[in-house]
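Chain naming follows the written order as A, B, C and D, and within any one chain the residues start at number 1.
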Amino acid sequence: MISFACDYLEGCHEDILKALAATNRLQESGYGTDWFTASAIEKIREACACSEADIYFINGGTQTNQLVIDTMLQPYEGVVAAETGHVSVHEAGAIEFSGHKVLTVSSHCGKVKAAEVEAYVKRFYEDGSHEHMVFPGMLYISHPTEYGTLYTAKELRELRAVCDTYGMPLFVDGARLGYGLQARGTDVTMPLLAELSDVFYIGGTKVGALCGEAVVFTKQNTPRHFVTQIKQHGALSAKGRLMGIQFDTLFTDGLYEKISRHAIDMAEQVKAVFQEAGYALAIDSPTNQQFVILENNKMKELEKYVGFECWEPYDEQHTVVRFATSWATEQEHVDELRALLSGCKSME
Amino acid sequence: MISFACDYLEGCHEDILKALAATNRLQESGYGTDWFTASAIEKIREACACSEADIYFINGGTQTNQLVIDTMLQPYEGVVAAETGHVSVHEAGAIEFSGHKVLTVSSHCGKVKAAEVEAYVKRFYEDGSHEHMVFPGMLYISHPTEYGTLYTAKELRELRAVCDTYGMPLFVDGARLGYGLQARGTDVTMPLLAELSDVFYIGGTKVGALCGEAVVFTKQNTPRHFVTQIKQHGALSAKGRLMGIQFDTLFTDGLYEKISRHAIDMAEQVKAVFQEAGYALAIDSPTNQQFVILENNKMKELEKYVGFECWEPYDEQHTVVRFATSWATEQEHVDELRALLSGCKSME
Amino acid sequence: MISFACDYLEGCHEDILKALAATNRLQESGYGTDWFTASAIEKIREACACSEADIYFINGGTQTNQLVIDTMLQPYEGVVAAETGHVSVHEAGAIEFSGHKVLTVSSHCGKVKAAEVEAYVKRFYEDGSHEHMVFPGMLYISHPTEYGTLYTAKELRELRAVCDTYGMPLFVDGARLGYGLQARGTDVTMPLLAELSDVFYIGGTKVGALCGEAVVFTKQNTPRHFVTQIKQHGALSAKGRLMGIQFDTLFTDGLYEKISRHAIDMAEQVKAVFQEAGYALAIDSPTNQQFVILENNKMKELEKYVGFECWEPYDEQHTVVRFATSWATEQEHVDELRALLSGCKSME
Amino acid sequence: MISFACDYLEGCHEDILKALAATNRLQESGYGTDWFTASAIEKIREACACSEADIYFINGGTQTNQLVIDTMLQPYEGVVAAETGHVSVHEAGAIEFSGHKVLTVSSHCGKVKAAEVEAYVKRFYEDGSHEHMVFPGMLYISHPTEYGTLYTAKELRELRAVCDTYGMPLFVDGARLGYGLQARGTDVTMPLLAELSDVFYIGGTKVGALCGEAVVFTKQNTPRHFVTQIKQHGALSAKGRLMGIQFDTLFTDGLYEKISRHAIDMAEQVKAVFQEAGYALAIDSPTNQQFVILENNKMKELEKYVGFECWEPYDEQHTVVRFATSWATEQEHVDELRALLSGCKSME
């Protein structure tokens, strides 16, 4: 049975497997001091048009969020995020484990609004008791968001302006960044992200790699003794080459862009498949996650034939479900989905 | 230039690369719920002769130590360890980061003595002020130790007895476990370790894998909601398959044993090479790490031709250096070392 | 200038000063093992009609909340609280500092509704991803709330039922407990609180003492090695006698009740003063905190003559202000306030 | 029965009780913003000859140590201390609770040696793996030490020099500071301490107060948003006046010096009493703690008549015991002890 349940169902892009095999017996030093990591860093700097960027590779997303937030915040600061943000809801309290509060603002299909962030922070500083409260020390956003939506360049500039006013670094969680950058119609590029954010990460796990996220500090603002702090958080990989080789491959000959664009093409087809079959979308997502409203009985029937994720109840009779494409989605998968939904392929 | 600097210089055993390639496009669910992980768990249970063992795969060693210690201790407890233990010295404070003190006892070439552990704990409970002190809540040992040495079965039983007396779980750090189990003359087996410890881990990163350690809870004593706690520590891998496939491969047809034995064979040759060339050993290590005393000038000359690690000063004129073999050490490497040391190959 | 700005403006009830003087040179052992502490514990057990209660004295309220929540929660659990709860907003992240998330539900004038708490927790357990989220491990309420409101016995029983269903202890922050128990019309008594909660504390700092809160574990459920954990949190007082003597005095001959009732009498007069002068109340509070809506110019004029706290904006022209009475409020203070507001005493 | 068991057996100096009574009904604002606290700060600045000192009052010693160390260290740093230091042994892991390791050096009757501290730190920076280790971020010493001993001005200057070389702040735990400054023959004064340390605290709990330690930041180096961080650690007292009044009293008309000198006079008599009775001292302490070697049977007999603390075993037949004097020790207490030991008063 094919599945669109999430974007980490398969292994990795085959070019990575080849690179792992080709380099396997080369002896390289550990902890990120290997040649591949150095090469990957150079290529990512170029992709970001940010020659002074400091770049580190971390195994997973929650780990990256915990590490970046904890090391960039002062102890008395919390991180501002959408109430639906991954750090707010789905990291099992990893941020609080490191001592920091997540300060939530309203979510608009996963996005925060500059005016609302500003109002929150302004109210904080105007509150006579604010020394008894958690200081807003950083703004966390995800791009794409957990709901597949994207910020525009204008919106990012507005958030940047709020951050500048209040001295808060802007951190962009790019677990699915490739899919955001290749979405149709977006005006956000990797160099723009490097320009507007203080730190962001380029997701590998969901975009072609076996594991790994590339954290990019863009303003010569890497926390002091960062390697030590990575180790202290249990996040320093002995064989840094594993991530070095993967990101070196992903950033060679535009592979990261190419496979991301493929996922978007597949997602656009999935969206069309559902629309043609008469289903409504819960969110108009331009990225690899598509949110469809299914009648509950239909949902139960469909899940016998194809994998997807139940996202949240829509109303008594309907549920919002998520279909995710990825670098690994094949045309045949989408064709089969189309056949299932158009009735060409019977579902009993 | 060849290197014996450490046991994580190369990628992974080629069988793992093959398995990664062969399974790459299979769609599997995330976070350790995949088929490969399930299969690996069964094979490890068998290797441990412990059908009820609970097994989890964690990316790296420091992360595993932090996670196991923090989740098995009560908040007011610390972990007893040798003063040279990895958790005491070389984890950048990862244990303290999670709120626990490392309570040190003397190290005897990396090992702790049951009598000294008992004396420490006994003294604690006899101290009238012990409620103002950190409770000894667990005993941590490494096997092999950081100095390449091994416990005997008898010594492990003695440590177990102390742990039983004082209600402390026994945790064995097996980052290099394979090399310990395959050492010549050892009477410690994996089933014995499973019997005598409460929790131990089987190192992958240093024994044939790209990454990953297999944590084995042997007494149906897995901390509650352990998956949530793994996530909270930032240690839950989205693509659990990566470690599942690797350990499934390592525990198929005795691969883990075979490659570990190879490393021991190579280490015995390295030891012989040095002894034949007239060098003294700092420690009589039966495992893959060999500690040699080099005259400082000799050391400086040698390091132009072969990689190794300066371990610690021996005296004013000499240094203890470490040569590590691994699953990946080739006969040619050792032959070249022999040639270098015997003078067959000139060093200028 | 007299002030109603808060309920910790003065020192302590004079009986406490007398007791401190009378016992000053008696030699007593430290850390809560003194005679006065033992005596206070017995008297509080009696007042709670809970002979098996375990009782500890902690210096301040935030410290008590941090300590109780951290020691009663499992590491992977958070505490459910009203979004306006003291632990959510005004403790500078003390709960997160100890590693736990505050999980917020709606506030209704400071109170939480059993149905909403139940819905929150039910939704959590029904969520397929809940292992990636923070477990709701305890319910925190304040009585009186930060808005001066009170739960009824029926409401407390409903919350207790939800807690029973989901295995969550119920923790009642009683920083102003005396004022809640003496409010007119309440059907909540200290024995009822001991019966319905798992742990609560009896505020001393705001109710007649110089410092100190009495934490009452009602179900033989004191966290293990609690004295050690108090010390670990930096909250163990060397001279436990200071709090022992104070609570022994407060629970002798009904002093705690008597001085609390006095504060309520004063608060009822303050309420009447404002109502007679034609001001609207923002909240109908039966306790020692009164919330009045003042026109902004009036507020600015008034604050030249009497102390109070600006609580929050009401609308563009009005502000909610708080007038707090306490055990120390004197009839002359209220008379002066009446004179000011009735115009008998001119304000220019 | 009289007791010399510790220096916190009584309440507080009677002048403090008088000041508490005299100011009791004055309305003062909370959280250390009261008039008494401001006055105490000025007087302490003067006593330190350090007009720019920042001063905060914290309830207890362990809390102060945890707070100062955690807020002054970077997250990746630990605190260097004697292995017998209070923070190493008797704070129930409060330092580790806040995430930091205690890095121990040898203790010489409670003192550390500058050369040994330097060697430790030097070795750390020379270690090629030091990025995987905890950075030495601060030096903690106690003066007097836990063994009653004192540093000389010269020794403090040497420690200061090491701290300067390695950029480590010097923190002096002065829980018994008064007794150190009044010891006969010492050349350390409060202004000198203010000059040589980055932060120190003046103990109140053990020197005349009911509670409270005065933390003095001497170099305009108070951690940012320190009040918020005090609150976050649960250490901010609502009624700051309690400590303000006490320290204001202690630093009026030389009271702190006077009562400290009295304790030293009593200690010198206690020392003489034991020496005259033929007992050996375990440590030659010039401060209020006297350590005597008692034959075990004698110890058991003596403890029926007078309180003292068993410190540690001396050998099979003897024990080191501690007799502590304080501001509250009366001449009659010492006279009774003399009578007991000289045999003038029979012990059966």
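Throughout what follows, a residue touches a chain if its C-beta (ideal position, glycine included) is under 8 Å from a C-beta of that chain, and two chains touch if they have at least 3 such contacts.
Here the structure is a predicted model, which means the values were calculated and not measured.
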| Most remote chain, CA-based centroid, reference being chain C | B
| task | Select the interface copy of A-B from among C-D, A-D or B-D: the correct pair shares over half of its contact pairs, counted by residue number. | result | C-D
| Whole-Å separation of chain centres (CA-atom averages), chain C against chain D | 34
| request: Between chain A and chain C, tell me the centre distance in angstrom, where each centre is the average of that chain's C-alpha atoms. | output: 43
| message | Suppose each chain is reduced to the average of its Cα coordinates; what separation in Å results between chain B and chain C? | response | 51
| query | Can you list the chain B residues in contact with two or more other chains? | reply | 75-76, 91-93, 97, 99, 131-133, 228-229, 231-232
| Which word fits how the chains touch one another: line, ring, star, complete or other? | complete
| Partner chain B, residues of chain A touching it in the complex | 2-3, 5-6, 8-12, 14, 17, 20-21, 23-30, 59-63, 66-67, 91-94, 97, 205-206, 210-211, 228-229, 231-239, 241-242, 307, 328
| request: Could you please specify the touching residues of chain B with respect to chain C in the complex? | output: 70-71, 74-76, 99, 131-133, 135, 224-225, 227-229, 231-232
| query | Taking the complex as given, what residues does chain B use to touch chain D? | reply | 75-76, 78, 89-93, 96-97, 99-102, 128-129, 131-134, 310
